[in-house]
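First chain A sits with chain B, and in the next complex the same chain sits with chain C.
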Partner chain A sequence: MATEQHSQEGGVKHRHRHEGPQRHIVVFVFSVLLTLLAFAAVAAGGVNATFAVILLLVMAALQVVLQMGFWMHLKDKGHLLPIVFMLGGFFIAGTCIVMALYWVWWD
Partner chain B sequence: MTTVHAEAGKGTLPHEPEKATLEGRNKVLAFWLFLGGEAVLFGTLFATFLALRNSTNDGPSAAELFHLPLVAAATFLLLASSLTSVFAIQAMHRNKPKELRGWLLITVVLGAAFLALEIYEFSVYVRHEEFGMTTSAFSSAFYTLVGFHGAHVAFGIVWIAILIGQLVRKGLTVVTAPKIYVSAMYWHFIDVVWVFIFTVVYLLGKVG
Partner chain C sequence: MAQTAQSLNPARPPEAGHSVKRYTGLMDWITTVDHKKIAILYLWAGGFFFGIGGLEAILIRIQLIKPMNTFLDAQTFNELITMHGTTMIFLGVMPVIFALMNAVIPLQIGARDVAFPFLNALGFWTFLFGGLLLNLSWVMGGAPDAGWTSYTPLSSTTYSATHGVDFYTIGLQIAGLGTLIGGINFLATIITMRAPGMSYMRMPMFAWTTFITSAIILFAFPAITVGLVLLTFDRILEANFFNPATGGNPVLWQHIFWIFGHPEVYILILPAFGIISEVIPTFSRKRLFGYSSMVFATILIAFLGFMVWAHHMFTTGLGPVANALFSVSTMLIAVPTGIKIFNWLFTMWGGQVRFTTPNLFAVGFIPTFTMGGVTGVMLASAPADFQFHDTYFVVAHFHYVIVGGLVLGLFAGLHYWWPKMFGRMLSETLGKWTFWTFIIGFHLTFFVQHFLGLMGMQRRVFTYLPNQQFDTLNLVSTIGAGLMGVGMLIFLWNIFITSRKPADAADDPWEDGRTLEWTIPSPPPEYNFKQTPLVRGIDAFWKEKLAGHKSMTPSEPVGSIHMPSATILPFVMSVGIFIAGLGFMFSRDTFGSEVLSFLFNNYIVTGLGLVITFGSMLMRSLFDDHGWHIEPEELEGR
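Our next item is the complex of A and B:
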């Protein structure tokens, strides 16, 4: 946005780029693969429980980062405040989860 | 890859119409703040669920209850709907209102299919598995967390359907564009929450 003028007024002829669907389809394919892998790992069974928990959580986090980065455009320029808002939300959410688990497991 | 074209002669809609006005930019920024709050809301529900997931009170446990093929089907429906709402925004950026309406409609239909599966799943639990809201602490936490997400999907369906109606009546303008952009952000966020739900509630429930 910074280098391009997209103003309605003036009617100045200008060019701009439109992103194609390709990279969003790539994110979709990666999300599908991560999801399939997660379901398959559980459906197949026999996977060490601790390893499965770590694997599943890492794959979920990876998928969320991909989708928020590309589909919600958080990786684009000018998204510092949205990232601060979301990280703030995740931080408080994580604190709640740690608190609840600590409370139940190690009372 | 990226297509380049001159905008002259294509109407007066700016390249990113959702950010063309101060009101639009404020709407998008404020919506991010709202989504941060939503993350906290779902975080508390996840915390409650994780704390109570093994408190089955002699009722069904997660491993006995969940049927993974159904959950996988719901997951792919919602994931596909997130992709179609990306396509909707891309159509909006290319100033193609008809394409935009089409993708939004597909998004709504996929969301409704997801919701139908969830309602079917809950009805099976309640009628055949004797797994109701008050069966156990686990069941209460499960229905509250997953049901809250389902309520968000239902709200999103109604919201986007209304926006399709606005598009028909008012067209794609710098006023309607931010509303559509923000609804797509909401829809992606609902899908992101579902990624955690199918992982933490269903898959980890099966693992034990």
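Our next item is the complex of A and C:
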């Protein structure tokens, strides 16, 4: 198991095949659409404020996933450690946000 | 730089042969990017600050030797306790931890250097200049005096009108940059540069704890960075983050500080756990008991360490639900820590234990640290904490885990790896004297402080009234502190006489070395491994010894070795940040001289510092440095 693990990490560079630009273009267009939708939701005016905030947050989260997965390659093989560390970072940042909201902002 | 791991670089340009700049003397130390030399720099600088922090401790104890003492006034006392805590944690023990990591980790994982040698040097110099800036406060209008935790509003300009706390915020910011850089560097090194065959679960325990410690640094230091920025803005730019009169919240500082501060204590203790896990198996001639549970416990401690910060704040009024939750999560940490304690005991059980100096410190560590852990569980109980809070009981607790845990661990590690770092064995006789004076002095100093706390003596008071049952115990405590000082002096004497002996330590001076650092000369050549070794199991060298081999099986033929070039840029960049920090600190002051006012009030000094730093970065980016090579012929010639 031990050697497997090592070769897996060392060999990523060579096994990485180029996917061509199609997928990145699709993701890029989708990101732009999400951004436009976000602006439209607010600019249209007719949307309930609470709903707009939730919608924006959901779309923002989707953008983050797209950015991380495609542009920062987290969806590719051999990215377990970056994912673990990203999740660790989200966890600590989330802790700080909960702390600030629950004990400082609303207190 | 990452290709220092691989000795063969097929894309090597022909001209990169031997146009290598070699410096000597002081320039060699200022420009070095060699992890072994940076380790020694960290050790001397950390030792220097440790000495300052120790002197501050002695002064504190002299003031408290008898009731109503007038040796120090209250203001000086506050400055001393603040600087003692800050110096010891950020500038004393952390650099010594980094010294051992730098000296040992690349060797233990079979690498030729760390992943980013340039950053390694940068991390050291920013730490050093941050530390110097902080200590400049003594001669530039008074040291910080709001405690090492620097709680607001005490640390606000209303209650700390001098520049003391500015030295704290800016100095720690710069030093913290170095720590963050170091942490990231060790993460990258351990992830990418392990020798062939060394899977994660074959790494030595010290490499594991360094890895986890670096991860904690990566996640915890941003919190203090943000906190220090907010406090700096409050103090210098009149922001209101912690000012309740304008909608801020002083408790926010406590949250931010402890979200960093609690993981910080695991940053301190985990490397000590790693050192003990190396020393005890070596001197028991047995493999570490429960290796995988040790790894699991280390990860669990790191994870839980982020979820317990509010136990420092039980008395701020978080409410019973939060207090109960944080009580339970804190007590949970005792479980993985207990796993470790039992694993060390079971490692010694049935082993051929040799009580060399490193092992004495390691064996002394176990009960001492356990005592600190037990008082930790006592403090974790929120109702009891309302009694213990801000008394000497807390002081005794954290000195038991930091001094009785970390410092004993560092002593064990320094005695253990000294021959590898310097090629000379420290004297065993003097080492044992160090151990006995230090550990007896330690328990004399801090054991009695438990009872001082329980009887109601508050921490951070500069004196106390007679006949409250505090007199005798304080006297005992001060005598103990003196004895610890004697132990330190014996250690320094040991270093001094050892440095005058010939450097003749064997490759494996303890004869029972288990890990890769003992397979190469003491001190190692600048490229560490002539051929990267092949690792065939946990405790790689011990495994070869059992198979009857005298050395490791190489994993590559002898070839030319790629080395990073020495450079002065990290030093210059750190000088720039130092100047910028100093300039920013005094940017709102009124000066007697018009020139000075002009330079500081218009941020010209700050700008100059930043130009130096960013200019150096630009130089680094624009002028490629491909490093240099050591050829096989040279390797044979040596």
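In the analysis below, the second predicted complex is superposed on the first by the 87 of 107 C-alpha atoms of A that agree within 3 Å, B and C clash if a C-alpha of one lies under 4 Å from a C-alpha of the other, contacts with A are read in each partner's own complex, and residues count from 1 in each chain.
Throughout what follows, contacts are C-beta pairs under 8 Å (C-beta built on N, C-alpha and C of every residue); 3 or more make two chains touch, one makes a residue touch a chain.
Note that the structure is a prediction, hence the values are computed from the model and not measured.
For chain A, the partner with contacts to more residues, out of chain B and chain C, is B.
Look at A:M99: by the touch rule set out above, it reaches both chain B and chain C. Legend: residue contacts after superposition of the two complexes on their common chain; A:L33 is shown touching neither chain B nor chain C. Once chain A of one complex is fitted onto chain A of the other, the partner contacts of A:G88 extend to both chain B and chain C. Of the two partner chains, chain B is the only one touched by A:Q63; chain C is not. When the two structures are aligned on the shared chain, A:I54 is found in touch with neither chain B nor chain C.
Counting contacts by the rule stated earlier, residues 1, 6, 81, 85, 88-89, 92, 96, 99-100, 103-104 of chain A appear in both its interface with chain B and its interface with chain C. Considering their complex, residues 191-192, 194, 196-202, 215, 218-220, 223, 249, 251-252, 255-256, 259, 306-307, 318, 322 of chain C touch chain A.
Those residues of chain A whose C-beta lies close enough to touch chain B in the complex are 1, 4, 6-8, 11, 13-22, 24-25, 28, 31-32, 35, 38-39, 42-43, 47, 49, 52-53, 56-57, 59-60, 63-64, 67-68, 71-72, 81-82, 85-86, 88-90, 92-94, 96-97, 99-101, 103-104.
The part of chain B that touches chain A in the complex is made up of residues 1-8, 12-16, 19-20, 29, 32-33, 35-40, 42-44, 46-48, 50-52, 68, 71-72, 75-76, 79-80, 82-83, 86-87, 90, 93-94, 174, 185, 188-189, 191-192, 195-196, 198-200, 203-204, 206-208. Within the complex formed with chain C, the residues of chain A that make contact are 1-3, 5-6, 9, 81, 85, 88-89, 91-92, 95-96, 99-100, 103-104, 107.
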